[in-house]
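Shared between the two complexes below is subunit A, which pairs with subunit B and subunit C, respectively.
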Partner chain A sequence: MATVELAPSPAPPAIVQPPRDRTSSWPLLDRIGYWACWATGIGLCVIAAAIVLFMLVEGISALRLNLFVESPAASLHQSQSGGFLDPLIGTFIVTAIGILIAAPLGVALAAWLSEYARPAGLARGVESAIEMIAGVPSIVLAIFGLIVFSQGFLGFLSQRASDGTVTAQSFLVAGIVMSLLALPLIVGATREALTQLPGRVREASFALGKTRATTLRCVLLPAVRPGIASGVVLGIGRIIGDTAIIVILLGATLKNEPVGNVPLLKTLRGSGSTLTSYIYNNSPAGEGNAPQKAYAAAFVLLMVVLVLNALVTRLSRGRSAGAVDWTMK
Partner chain B sequence: MTSDRDPYGQESTVSERSAALASAPPPVRRIVVDREPQVAPPRAPVNGSASATATAQPVRAARPAAALVRERMRTEGLWLAYGQNWVVRDVSLPVRQGEVLALIGASGSGKTTLLRSLNRLTEITAGAARSGRITLEGTEIYELEVNDLRRRVSMVFQQPNPFPMSIFDNVAYALAEQRPPRGRRRRHTPELELAVEDALRRAGLHDEIAGDLERPALKLSGGQQQRLCIARALAAKPEVLLLDEPCSALDPISTATIEDLIVGLRESVAIVIVTHNLQQAQRVADHVAFMHLGELVEYGPAEQVFERPREQRTRDYISGAFG
Partner chain C sequence: MLGALAVGVLALIGLMLVTVGIDAWPSFAANGLRWFGSGGNVVTQFRAMHAGVALPGHSILYFRAWPLIWGTILVTVISVVIALVISTLAAIFLTEFAPAPVRRVLEPVVRLLAGVPSVVYGLIGILAIAPYVDEHLISNARKQSVAYVVQLNGTDLMTASLILTIMILPIMIALTAGALATVPASWQEGSAALGVNRWRTIWRVSLLAARPAIAAATVLATARALGEAIMLAMVSGGLPFAANPIDGLTFLFEPVQPLAATIVQEFGGQTTGPVASTIYAIALVLLVSAAFLSFAGWAVKQPLKRYGIGV
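Moving on, here comes the complex of A and B:
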């Protein structure tokens, strides 16, 4: 290579800044709107910070390590009412059941809606059904679950009393109904990701003599894994945060109450509680009335949800900038 | 910064400056070269006489002997429509192995639709309709199972579209049966590895990436991605290869590589290429079909169509009068 020397270029001239945009020349209505946006934005930040700070201060002062390992106990005095081990386990079980049901169903529904959707009338029906479920208040879902799962032939899911009535309160029942909460979120996220895949990806696969099903299984679904993951995490967040279904379909009991003798199944068929119902019970409104415990549990719950939110952000960022880059050079 | 100072620090008025700009050339950076610039030595053409890009007058590789030319597909009185709109009108064409057929014509002339109808890819668009016959080895393609047809008549698209998997898996996917054998994961069996490497070799990609077939395909350059797509299309040993403007998204060097590849492949597979680039058609095609507004205006050997077109519309298109 020949060495090429460049004579030094002249010093760059000073940069001229454009004048600041001033609102004084705007119409009054625009100015009011503009400042209202500012005020709302700042207000929201203050509220968000207040939630975290308040829960941090109240929660950490009440948080003890033994709360995580002790079961709740009935006591009028806060110092003797135990910890929240059972609700913590309960939260985990309900979320696991809900997601294990919702994730495969949601992905399958999204795949069908995005890739098949025939006949068109059925597809429209499915779409509206999903939208409707997404809009139903969880307390209404809970009451609906109570009607369905107190049918005698579904007694194996919860507990059957000696007179034949079914309690319809168990981890299984709560988890099944909870899956309806997560389902629309998983369908939405997966479908969105599938729609964003360019048509040429499908064409490429069809042109190789692959069926729609093979294309979905081998190309499309692997490509939208980040989308599915963020839908699942959103769904988990929704399940963890729900109280109404827990109170009605899990019983919100003090401790987890197994039913029968079969290991594992006895817990799943039994009633219990989660962090949300624990918080409710220990708040001044609930029968436990141990606000310190409520604060501590609320703090734990908040942290779990914040971590999940961070996870969603990360996953969706991974989708736009990361591994699957369909943009062409 | 004071407004009457120019970037080089001389004080001047606006009029002086504009006068200076008009008369004297702007100050340039001097380039000091202490040696003659050294350029890469001229290289031998990649593929003998087929390396046509450098020469002004394209020199095609010798035409295969007539005995090697064999008809694979044929359209007879083919009409194609999207909805109420007939986009291909009464086209009859032979597709032969041993030669490259180029479809040329302005945008909207129906050439891509014609191409896509050959492996029934038009059917994924709602409202597509067809009249007339398309035969593969004498059999009407509607009588073949569609996915079987598409393995025998495979296609490469305008945009390189490798799947987000490894290079190996991209080609292996084309080879895999619809249903992998139960219990045994479709993975690197020796036969599969040989077949993948063979496809990559035919697409001229093997030597560049030989060491690392597990690399993600999307990490390849645009030209390499397109050759990977060609390898993928060749993997199932098709009888016909359809190319829909395969070089329009590529730089000239990748284009030349792929053109050489196309010329080299024509003896083992029948090739149909749609192109907007007339020079490209001239470089790679043995036969040329010129389409205009859905009609086949002219079909003939490439030299004849380009040098002595029979139809006025062909002459206008080739000379750049429209399109």
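Moving on, here comes the complex of A and C:
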């Protein structure tokens, strides 16, 4: 029996590597473009680092612990003009009011837009309305708030001057208008999270006989909690950083000035200031002109913004690993 | 119930236009279309309104906004044009060239630049950049050449535009990079298979496909630049001066005062009467421009939907 010699299998053909596309082989113009890209990328990092370092150096040298616990005082000398306790409290109150209003409204709108959206024309209208609110400058929102809340019947939100006109300057008014700033961000983040939920989640719930509303409440909304949270954090960042609304609708006074005698409500109805308006007033552009105080407050504000930023990054990492959350401000 | 809420949002926009419109009407009615024209000094006009004494031969509401509008146009156009170039390059870098570690740094950096409050930008501008420009970039000869009309002190068109550029960059980078990332890989592969190098592929294929997104980003950034009030009130010079390109380079160092900043500057506590009406009129102009831009932003995004490229 003749054994059949197996022919040695032929050597696999050598893999031909195409020449790698190296930038050195590119025409000069293309190389210039390539290096310009690197330059802008590095340049942006340098600018951001410069801003943070500058504020760090100026801020830390101006920051004293007593600034946090002293109320501002009127004085020509920076050493006697007090701290920024009132603006800190003010920032907290305005942000709290704004988010308390914007969060439920924003989530509800997002839920309607992504789960119901009937009739289609109304949905499209609402979508563009929200987009428009996002595009309206905050100074215009402030003017709008000023006109609306100085109507006589809304006087309970702020205070009445002796001649009967309503000032339209109070924490309540500023907070309500601030909620318009946060609203588009919360709607956007929630809606994006809702559309990213796979359809089978809804189908499973419907198959169990749940109605649309129950599905939304018990299945969908709990599932998009991280999305809502990142929207809220973005909204907080937006509210904390806004100055125009504060200057016009909170008065940007030196101290928080309560109105009336009802505990809590008297602060809410009164005028006051926040960190941003404190910075503005203490900069050379404002009346106080105490740059050290402005630097210290700006440093605190920037640190808060950095923390919020880190929070958003973490929340968006948790939602979809590695995906970039390009949420606009 | 949710539907009612949706109707409410629509009503809000209408309410905004109507209320601001009604309160702004006296100013427009008194000045007609010449409200937008030039004539006289905005500072004197505001001072007359604050004092309640009409300028001789004019109504108490006499107002010519051209210097403010011109300042707005200058600041906006300069910063948007610079930002357009930088953001396109940065977006290409971010999506195509940046090695993973660099990208991990750059993304938070862009988000940080977007998150810095405008008042902090203004503070840095007025306390660090303006004095530098004043000392090192404006020569005394230049200051004297225009001393009879205006004082140059570093808070000027250039400083304002540069800081505004940095403020609008993040939006533009985000939108452009987002669109570049969703350009189908097969399009790039097709181009590469034809032997086109990477840069030209990006330039001629990806960027071309993302063109509507870049347009949308530009529109949004314009809206942001138009509405920026606090930073501009701090660093643009605070003087309603119509910077004149005939002055050559000095032009860049002349103060301006955009519309939004004017509202901040002229608003003081209980503003009523003619001043209020004029401020509301400025706000209405900004509101209508914002509405128009938001419509334009929607319109330029439409071609993208055909390819399924996200914005």
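Couple of notes before you dig in:
Here is the rule we use: the second predicted complex is superposed on the first by the 296 of 329 C-alpha atoms of A that agree within 3 Å, B and C clash if a C-alpha of one lies under 4 Å from a C-alpha of the other, contacts with A are read in each partner's own complex, and residues count from 1 in each chain.
Throughout what follows, contacts are C-beta pairs under 8 Å (C-beta built on N, C-alpha and C of every residue); 3 or more make two chains touch, one makes a residue touch a chain.
Remember, it's a predicted structure, so these values are computed and weren't measured experimentally.
Comparing subunit B with subunit C, the partner in contact with more residues of subunit A is C. Of the two partner chains placed by the overlay, only subunit B lies in contact with A:T214; subunit C stays clear of it.
When the two structures are aligned on the shared chain, A:S205 is found in touch with subunit B, with no touch to subunit C.
When both complexes are overlaid on chain A, the residue A:P222 reaches subunit B alone and has no touch with subunit C. Looking at the shared chain after the overlay, A:P10 reaches subunit B, while subunit C stays out of its contact range. Residue contacts after overlaying the shared chain place A:A244 against subunit C, while subunit B stays out of touching range. In the superposition on chain A, subunit A positions 324, 326, 328-329 are in contact with subunit B in one complex as well as with subunit C in the other. Contacts from subunit C toward subunit A in the complex involve residues 2-3, 5-7, 9-10, 12-13, 15-16, 19-20, 23, 86, 89-90, 92-94, 96-98, 102, 105-120, 122-124, 126-128, 166, 169-171, 174-175, 177-178, 181, 192, 197-200, 203, 220, 223, 226-230, 233-234, 238, 260, 263-264, 267, 269-270, 272, 279-280, 283, 286-287, 290-291, 293-295, 297-298. Residues 1-7, 9-10, 12-14, 16, 198, 200-211, 214, 218-219, 222-223, 323-326, 328-329 of subunit A touch subunit B in their complex. Looking at the complex, you find that subunit A touches subunit C at residues 21, 23, 25-26, 30-31, 33-34, 36-41, 43-45, 47-48, 51-52, 54-55, 105, 108-109, 111-113, 116, 118, 122-123, 125-126, 128-140, 143-144, 147-148, 161, 165, 167, 237, 240-244, 247-248, 251, 276, 279-280, 283-285, 291, 294-295, 298, 301-302, 305-306, 308-309, 312-313, 324, 326-329.
Of all the residues in subunit B, the ones that touch subunit A in their complex are 1, 7-8, 27, 29-38, 119, 121, 124, 147-151, 154-155, 157, 159-165, 173-174, 176, 178, 216, 218, 221-222, 225, 229, 232-233, 236, 249.
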